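Next come two complexes built around subunit A: one with subunit B, the other with subunit C.
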Partner chain A sequence: MSYLDQSIFEIHQAIINGLVTPLELVQEALKLAKEDNNNAFEYICEKEAIEQVKNLDLSKKDNLLWGIPYALKDNLSTKDIPTCASSKILEGYVPVYSAEVYQRLQEQGAILIGKTTLDELSMGGSGTTGHLGKTYNPWDPKHKHQIGGSSCGSAAVCSAGIVPFALGSDTGDSVRKPASYSCLVGLKPTWGRISRYGLFPFAPSMDHIGFFTRNCMDSALILSVLAGHDEKDSTSSTVPVDNYLDIEKTDISKMRIAVIDEIFDSVQDKTIKDAFIKTLNILSDLGLEINHVHMDDKLCRAIYPTYFVISCAEANSNNANQDGIKFGTRYEAEDYEKVMFEARTNGFSEPIKRRFVLGSYALLKENQEDLFLRAQKCRRLIVNCINEILKDNDAIYLPTSPTIAPLFDGNKDKLSNEYLIADNYLAFANMGGQPSINIPIGFKDGLPFGGCFTGRIFEEKTILSLALFLEKHMDFANKIAKKENE
Partner chain B sequence: MKKVNKEILKEAANKMLFDMSEEQYATLLKEFDVILKQMDLISQIEGVDDVEPMTFPYPVYTTYLREDVVKETLTQEEALKNAKDVSHGMIKLPKVVK
Partner chain C sequence: MELEPIIGLELHIEMKTKSKMFSSSAVSFGGVPNTHIDPFDMAFPGTLPLVNKQAVINGIRMANALHMTIDNELWFDRKNYFYSDLPKGYQITQEKRPLGRKGYLNINGRRIDIERLHLEEDTCKQLHFQDYSLLDYNRAGIPLIEIVSKPIIKDGEEAMRFVEEIRSIASFLDVSDGKMEEGSLRCDVNVSIHEKGQQSLGVKVEIKNINTLKNIKHAIDFEINRQEELVNKGKRIIQETRRYDEKKKETIPMRLKINSIDYKTFIDPNIIPIKLSEDFIKSAIETSNELASQRFERYQAMGLNDYDASLLLNNKDVSDYYDNVIKLGANPKITANWVNVDIQAYLKKTNTDIKDFPIKPDRLSQLIQLLMKNEISNKQVRDIFTVMLGSNKEPSEILKETGNALINEEKTLLNLVGEVLDNNPQIITDYKNGKDKVVGYVVGVIMQKTKGQANPSLTNRLVKEELQRR
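And now, the complex of A and B:
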């Protein structure tokens, strides 16, 4: 039996009862990390983890995360630990300061055992564009299906049972979608709820730090540790933090749930639709009011292009510092502009350059009004619509994705409703900053899929309570890919 | 709006200080067919130009000031740690004035 397969609460109890020590846990996690065949790690923190575990403060033993191994997406700064965001341009970069989330976890005594792969610089949703190549889905031992991205490595290590939780980031759906593809709970809290100090920015007006766990209570626990104001991040909120650990006590029976018909109808897969309806029935049987609401079809189809234009444009500014001079791979040339030009030409991969070109095109003087500013205006209409729905409803609930994890070589019709709406609607919660959570709700052909609750800003407790209720009525919590595949 | 062709894409890339291969520009130009159709979906939204652009998810007001106390900052050694060519406490670049 591996304690790493259990929930954080169970592992903590095992430590308290003397059944396992933090050193044993970390050694096992490091062993599993070295055996990982999903290409999920950028860096395994063997030396650092062993040193930390040997210096653990015994007086903090009662902290629920004390001695618990975990992993961080490699776009979170970790002082003296290499961090390259899976980009060639940052190979060899070693941060000189740490992300706030890393510091908070270290203070609790959690042990970082590795930095995980991502789509290069968090720009992508396939888990294929990092400099180390594809990251695989532990639920598919034949390695034909993606795990999604951009937080591919963190999803892989959590679902493979290497660590009980892992942090990621979510700018469009980069925590919730991989969570759906790998039978995990993936939470993106409200924009501003968690400090982003030390996160490599992609599109800061939509970037969120989120995390993967294998059950909802663990998710509530990680949120309770990470939530709260940080003066180092001026966008982190001073709104008081709720007690997330008592979500079991929340009375959800009077809550109202909205299903946006235009989004649900764009899902084609019958297995996913049926499983979703089954979960709706579980909620309505308890007495919750299920409201079928509408969103203008054209507005639904505009979510993805709006997200894409804004994120690509913001990404250009945020990656202007990648010059190969102050940090990253240096290329020699006859003048400083050419040094930068060579570093960026050789350091960014083709998919990243394509996004930058689109962002640059949208920001050209002649195009700004028609593309960038119009996208920002459309963002307001989308967010207004979602907030209007949430005025009368406690949460919006929908299938997280229209399919199970896609094949690596699969093609999608990028103008279809399934692609534009069902596959990309999750970004509305990035534009509006609402908290949003994926929980597993079914399997098809051995691969998992999820449902997603989105709530009002700063009402994480509501969506965690709803997710926990469903979790208790299904059998998908704490599933480990390797066990199911054996 | 500026019409898309290979030269425009190259201009957009070079403004961001990088270049792509001829094949990559050709692939991107094809992709722009779809991308522009997707962009056009935004223009079809009724009333889209009647609202103000949105730059943050909700209004953010930073009303506090940090205390005026001395805090640790990066040392020179730390600030230069990741630069590949350093001389006399400065990052070395090719000569600007020749």
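And now, the complex of A and C:
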């Protein structure tokens, strides 16, 4: 019998009870990984995983993650294991050091079985721009629908039941969006709650490490392992880490929930709206106060361009080390400028270069005031507005996405409020660093969609408790795509 | 038309902190290439900068010595540009909020305003070969202090003095070795000329690669001349970067400076601005070393003349050596004499650094104290000094071994005096007739007899007393 499709707590119990061994788990996960037809893996760590499982420290057996297979997004540095962030320019790069999150998981005895695909260098939300091509959504065996990105591979391997959890990163919505499209719990904790040491930077001021699980308790568990100060990341916080494992005991009945009307109203899909209202009713039935609040329509529409200008500007600089001399494929040329030109022209895909050019443009002396600095001011206005709402409310709650997973060849009206606001508002929590979580709240045409709680900074416990409460009143936890499809 | 040069300086000082500006790898000069490195120095994706506290303290001390306003927050920016020696494709620096602002230095009574002082990181060292180049990351990330003067320096001499003074400050604060020859102090110069009294400035020429203090003066003076000649001939000055050729003693064009590079600077999102508390700044300043000027005052107070004092202060290590000798009880004046004359002569002759001088401060202090206690003569000091250059023995031990201790017993000396006078009664007669110089003669004879071991001043007194008594 397979255990990989169960919750981490259940798998742990099975190990403790001797029903399954870590080696069996890992072998099964590796087998499933090799059979994966969603193009979710950059690298399967077969040798490394078997090696690690054979050397597991028995004295650590009681750790909940001991012997549990998992996957990492391929933008997390893993010593001696290739890491290329799904970019051609980093093909063949083998890091000499490990990300803090990877080390923490190794220490717990969790077993890395693979590195997962992403939109190239985490830039993108479709799961289509990596050097290996499209990553597919396990919920759609016909491979017509996206899984979203940029953490596409991690979402795919978790929802396909290959591993019970996988790490991703979230700069605009890159964990929460794919989680919504694949029936997963996707948590992005407060900026600074988890060390970013070893996370390939996209836009550091908005980059967060996040993770996918199939239920809220598993999410709380992963957070409790990863949260906490790391002296290698001076932006990681020293605020004491809460006990997330007792979220079941949180009394949420007095909590106040804000729904930002302008964002909710931008959602057009009736199924999603209805399902969302149903979850609101579950909350209000318990006694929670639901407050409909407002955010200036212009500010709502400004979230996406603000995010875009800032992230492109930072991204351009973060990837400047890929110059064909220090990193990246080398193309011989007569001088260093031409070497760099060739390496960057050939190494990055078009959408990446487009972002670099935009980012550069926004930072030029003559444009900086008008673009980059204006975006920074706008960011401040957005963050102030969100913080103001969170002063009187414990969390903001909204549909994660206005649609189910989009078609690969679908078109979006990029000037509509549905696109500009409902499809791109999640970045406000990246600008302000607030913790934010997706939980599945419904299905349409066989494809899942989610709701998203965003809380005050360092109050992960609040949003986890709220999500857990909803989870218990619905039937979307621990769903595996393949099984449902059969 | 009277022309006036306008000169501005940009200095880069490499700090000698234990670790680098943003990583924990060691700062080491001249190590085997690529041995003092870590993933951050090499810009491995995902690594993060950690601000070096000692480098910040050094920056505060320098800014304070240059009478600057010190920012109460520490902000770092990224300066973006592509170059082969730049690992990350950007340099972390302080563009928008430098640590120090609006300072000055007095150079020969003239106030030279300083615009800014900021912290940043060094780049790789490039090693060029026939048909390839290599990168040495040991230098990448070494903390730098950049100091920019206002463009108000009037000539090469003043520029040189200005740099000399900053070098002295950096050196006495233990911030840097300040060696231009080795690149731990680098100086870029901007020179332009314009008509005196006019507001508009002339075309700016930058001079790089100046590697000695004297060459700062030579390069600037040459450049002023060159520009003046061009103007006088009605020719145009080209905006360009030149370098100073030491052999030809002239500045030579390196590259045109058409448009200045747009560095697309923005705040480094990986370093949250750091609050510098009043206490932190105060304590950095209070615990900083004495500057050369402060030591000068101390030396004066101890009775050294200005010449000796400034000679000692030419080099911090020499001044440190001197301080260590007198701290252990040696007379300041005698010590200054020994350090400035005998030791300097030895260092020069053998091309040795004071740090490698064989006689350590405690030994020299012991030697000088023997002299102070009248246990040896000046001549003996010199002899023992010579022995000490080649051995690690204590001066008193050397003295014992060579049986060279001074004769201090009055009885022994008096016997000798009596002997000399008894054998030469004429001396007594001469003395009575007012010929005082016979005293010297008698002392000389006694010195001969004792092979210089008689205590000279004691012998002198005893001879006088005996002559008067007879």
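A few notes on this one:
Quick note on the criterion: the second predicted complex is superposed on the first by the 485 of 486 C-alpha atoms of A that agree within 3 Å, B and C clash if a C-alpha of one lies under 4 Å from a C-alpha of the other, contacts with A are read in each partner's own complex, and residues count from 1 in each chain.
In the analysis below, a contact is a pair of C-beta atoms (placed from the backbone, for glycine too) under 8 Å apart; a residue touches a chain by one contact, two chains touch by 3 or more.
Remember, predicted model here, so these are calculated numbers, not experimental data.
Look at A:L283: by the touch rule set out above, it reaches neither subunit B nor subunit C. Once the two complexes are laid over each other on the shared chain, residue contacts for A:S317 go to subunit C alone; subunit B is not touched. Judged by the touch definition given at the top, the superposed model places A:A85 against subunit C, while subunit B stays out of reach. In the superposed model, A:Y197 makes contact with subunit C only, not with subunit B.
Residue contacts after overlaying the shared chain place A:S77 against subunit C, while subunit B stays out of touching range. Looking at the superposed arrangement, the partner reaching more residues of subunit A, out of subunit B and subunit C, is B.
Of the two partner chains, neither subunit B nor subunit C is touched by A:A427. Judged by the touch definition given at the top, the superposed model places A:M340 against both subunit B and subunit C. In the superposition on chain A, A:Y304 makes contact with subunit B only, not with subunit C.
With both structures placed on the common chain, the touch criterion links A:R374 to subunit B but leaves subunit C unconnected. Overlap of the subunit B and subunit C interfaces on subunit A comprises residues 93, 96-97, 205, 231, 234-235, 316, 323, 325-327, 336-337, 340, 360, 364. Looking at the complex, you find that subunit C touches subunit A at residues 39, 42-51, 78, 80, 82-84, 87-90, 135, 262, 264-266, 269-272.
By the touch rule above, subunit A contacts subunit C in their complex via residues 75-77, 83, 85, 90, 93, 95-97, 99, 196-201, 203-205, 231-235, 313-314, 316-317, 319-323, 325-327, 336-337, 340, 360, 363-365, 368, 372. In the complex of the two chains, the subunit A residues touching subunit B come out as 92-94, 96-97, 191-192, 205-206, 231, 234-235, 238, 296, 298-299, 301-302, 304-306, 308-309, 316, 323, 325-328, 330, 332-337, 339-341, 344-345, 348, 350, 353-354, 356-361, 364, 366-367, 370-371, 373-381, 383-384, 414-415, 420, 430-434, 457.
Of all residues in subunit B, only 1-2, 4, 8-9, 12-13, 15-20, 24, 28, 31, 34-35, 37-39, 41-49, 51-58, 60, 62, 64, 66, 74, 78-79, 81-85, 91, 93-94, 96 touch subunit A in the complex they form.
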